[in-house]
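We call the chains A, B, C, D, E and F, going by the order they appear; numbering starts again at 1 in every chain.
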Amino acid sequence: MRVSVFRKAHFNAAHRLHNPALSDADNKRLFGLCNNPNFHGHNYMLEVRVKGEIDPITGYVIDTKILKDIIQKEVHDRFDHRNLNLDTSEFADLNPTAENIAVVIWNKIRKCLPDTLELTIRLYETENNYVEFDGL
Amino acid sequence: MRVSVFRKAHFNAAHRLHNPALSDADNKRLFGLCNNPNFHGHNYMLEVRVKGEIDPITGYVIDTKILKDIIQKEVHDRFDHRNLNLDTSEFADLNPTAENIAVVIWNKIRKCLPDTLELTIRLYETENNYVEFDGL
Amino acid sequence: MRVSVFRKAHFNAAHRLHNPALSDADNKRLFGLCNNPNFHGHNYMLEVRVKGEIDPITGYVIDTKILKDIIQKEVHDRFDHRNLNLDTSEFADLNPTAENIAVVIWNKIRKCLPDTLELTIRLYETENNYVEFDGL
Amino acid sequence: MRVSVFRKAHFNAAHRLHNPALSDADNKRLFGLCNNPNFHGHNYMLEVRVKGEIDPITGYVIDTKILKDIIQKEVHDRFDHRNLNLDTSEFADLNPTAENIAVVIWNKIRKCLPDTLELTIRLYETENNYVEFDGL
Amino acid sequence: MRVSVFRKAHFNAAHRLHNPALSDADNKRLFGLCNNPNFHGHNYMLEVRVKGEIDPITGYVIDTKILKDIIQKEVHDRFDHRNLNLDTSEFADLNPTAENIAVVIWNKIRKCLPDTLELTIRLYETENNYVEFDGL
Amino acid sequence: MRVSVFRKAHFNAAHRLHNPALSDADNKRLFGLCNNPNFHGHNYMLEVRVKGEIDPITGYVIDTKILKDIIQKEVHDRFDHRNLNLDTSEFADLNPTAENIAVVIWNKIRKCLPDTLELTIRLYETENNYVEFDGL
């Protein structure tokens, strides 16, 4: 009996989509307004999904307090109220598209969980645009 | 690293559930109020999910501007503010249940996407009733 | 101590915006896609707000069961899964804009409530378009 | 062409997380505020997902009226406005974590559906904490 | 230039609607399932609205950090994961209807704010049932 | 019969809370993480409320197409995907708190509307923090 447990979290950040290997014209064509050199920003909403066996003692797959603390330390404390391009090492050389942010977050949370638990990350950049990554 | 990208869209339409091969009594029994010959309507909410590899140049699986334009042309321009039964060729001979609408939309978007991308459609008829189709 | 009590309800209906006193060209110019002669539709969401004194015996301003029954009888049973233009006497000669629907619903609920209670109606035609009427 | 059909429902209940096989200290350490002997409560939101072939006669995978009635009888009538620990036989000897409630509900609905339909349950304890179970 | 500032908060609690001055039959007739002697529960959502002049130095009406701390201390720390009837002095002799809870919370927050600020409380018991109180 | 009409819109922007007349220490104390010199950002959600008489010809208080175009020109085209501090003249010398942004937007929309219409602006910085201004 494998059950998925979900936990939501939020962080607010500035970012700019830009690939320094491309010309300014190509960056503007590819990323449009998102290429604004002065940045724009989002209320990111993160949904973390962890799947595993129910522990018969606790009735939990994972104590959501533990999951909450992992998200706080690995995601919120590093990205909230930050400029992803300027204030983080993760996106110093990586374009902070929603896709790339999701993969980065997946890797950070993955290393905090035992191998018996599966992990899926969903990241909402806006209410209408979001991405999901499960490591496969 | 295959990531799913989601994009939401909305359209408002009238429809009537009816199978002309059945008697009026059977239509009424099967579809109840939804069989009203004068139609009723919904704010349909569409969620399109596209899964594929992240392009290392752009950091995108698909530019959501491209996805938005496909949805606009294939779904919004054809179904928004329309009577699905009377104003569309797609449902002239097909009962416009949420299930059938989802399959129709999946087929329309599928033909606009490269084969390397997987496609899943979720269609909300109301906040409490919705369907999903992934082509399998 | 006057407290407001809110109750939500939903109904799904077809409608068409049209003023028969105007030319077809003017109707099309004024109402655009909403003038489609074959109708379109919405999931209407209704929020009813009733303000009054708290009854010291019950701790209620109004039993929400009573409010629910009034909404069921006056709104849901008459408008749900109906074509507002064709199936209702209320909009036989009245253009069913969100504004006019809100006033009609306000009048129908107002006559079911004692004079000591204030009434405000909010009607959502879509998530982004809605109206409010308080009788003043 | 297998399509998933979703239906949402709600119930409000009191509960307490507690394992009588553990000491009071362990229960408090494991379950924190949720171990309050006087109970606390939630607005549970249930999402039922049923996947199967579209019936060519009706255009339905399952008539959502049938699904609604199953949920009403198996879940709402038994758990709504109840104390899960004290008022139900299901949780007399089972810790009512979200995980365990989801498995219980899955089993209750599973036995009401034909084998040709797949079933997945998602249960929201709060907006930020929820679980999913598909029987596998 | 008076601006309103809103802040949301959540708490989960058990309660029972009951007036000990009434007979059991009257309590059951008035409060129905909400009169269950073993309690039921809700995810309460609280919206606090504070209206006042913008401070020209900060650009704030009130620092939402201050407002958050007031709500944490006056509401969350007292009511979250509690049984309102058994675990609180506020509702030991007061029926915990949404109306009465809103008035109690308004009074608790009102005494923490300067007189220059207006206060309105909205309390959601469920998504469909909520109340508002502004002290007038 | 005065009815309010609401229209929602969204814009994504970067900003930094900072008052240059204060010391760095005071800015940090007052604005905390929001004072980050590299900016952070939000998905701002704007709700515009216009109150007036229903036009008996159209059944509208205001054509929401007109309201949508005003919001697009006065708000979206100027603030979306911008850095409020660096890219706009409005906040070159004004701290872009939610309160100040709401007043700025109110003034911009107010001058586009006839005097017979009342205007209220609600601006959501996050789901939990928002402000409202009606010009009084």
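Operating definition for what follows: a contact is a pair of C-beta atoms (placed from the backbone, for glycine too) under 8 Å apart; a residue touches a chain by one contact, two chains touch by 3 or more.
Source: prediction; values computed, not measured.
Trainee: Which chains are shared contacts of chain A and chain D?
Mentor: Expected: B.
Trainee: Give the chain pair, either C-F or A-F, that is connected by more C-beta contacts.
Mentor: Counting C-beta pairs in contact, A-F comes out ahead.
Trainee: Which one, A-F, D-E or A-D, has the same contacts as B-D for more than half of its contact pairs?
Mentor: Looking at which residue pairs coincide with B-D, the repeat is A-D.
Trainee: Please identify which chain has its centre, taken as the mean of its CA atoms, farthest from the centre of chain A.
Mentor: With centres defined by C-alpha atoms, farthest from chain A sits C.
Trainee: Taking the mean of the CA coordinates per chain, how far is chain B from chain C in Å?
Mentor: 28
Trainee: Averaging over Cα atoms per chain, report the distance between chain A and chain E in Å.
Mentor: Using C-alpha averages as centres, the distance is 34 Å.
Trainee: Once you find the CA centre of chain C and the CA centre of chain D, what distance in Å lies between them?
Mentor: Their C-alpha centroids are separated by 34 Å.
Trainee: When you check chain F against every other chain, which residues touch at least two of them?
Mentor: In chain F, residues 127 touch at least two other chains, as defined above.
Trainee: Every touching chain pair, please?
Mentor: A-B, A-D, A-F, B-C, B-D, C-E, C-F, D-E, E-F
Trainee: Using the touch definition up top, name the residues of chain F that touch chain E in the complex.
Mentor: Residue positions touching the partner: 17, 19, 21-22, 30-32, 94-100, 102-103, 127-133, 136.
Trainee: Touching chain E in the complex: which residues of chain D?
Mentor: 10, 12-15, 33-34, 36, 38-43, 80-83, 86-87, 126-127
Trainee: For chain C, which residues count as touching chain E in their complex?
Mentor: Residues in contact with chain E: 1-9, 49, 54, 57-61, 63-65.
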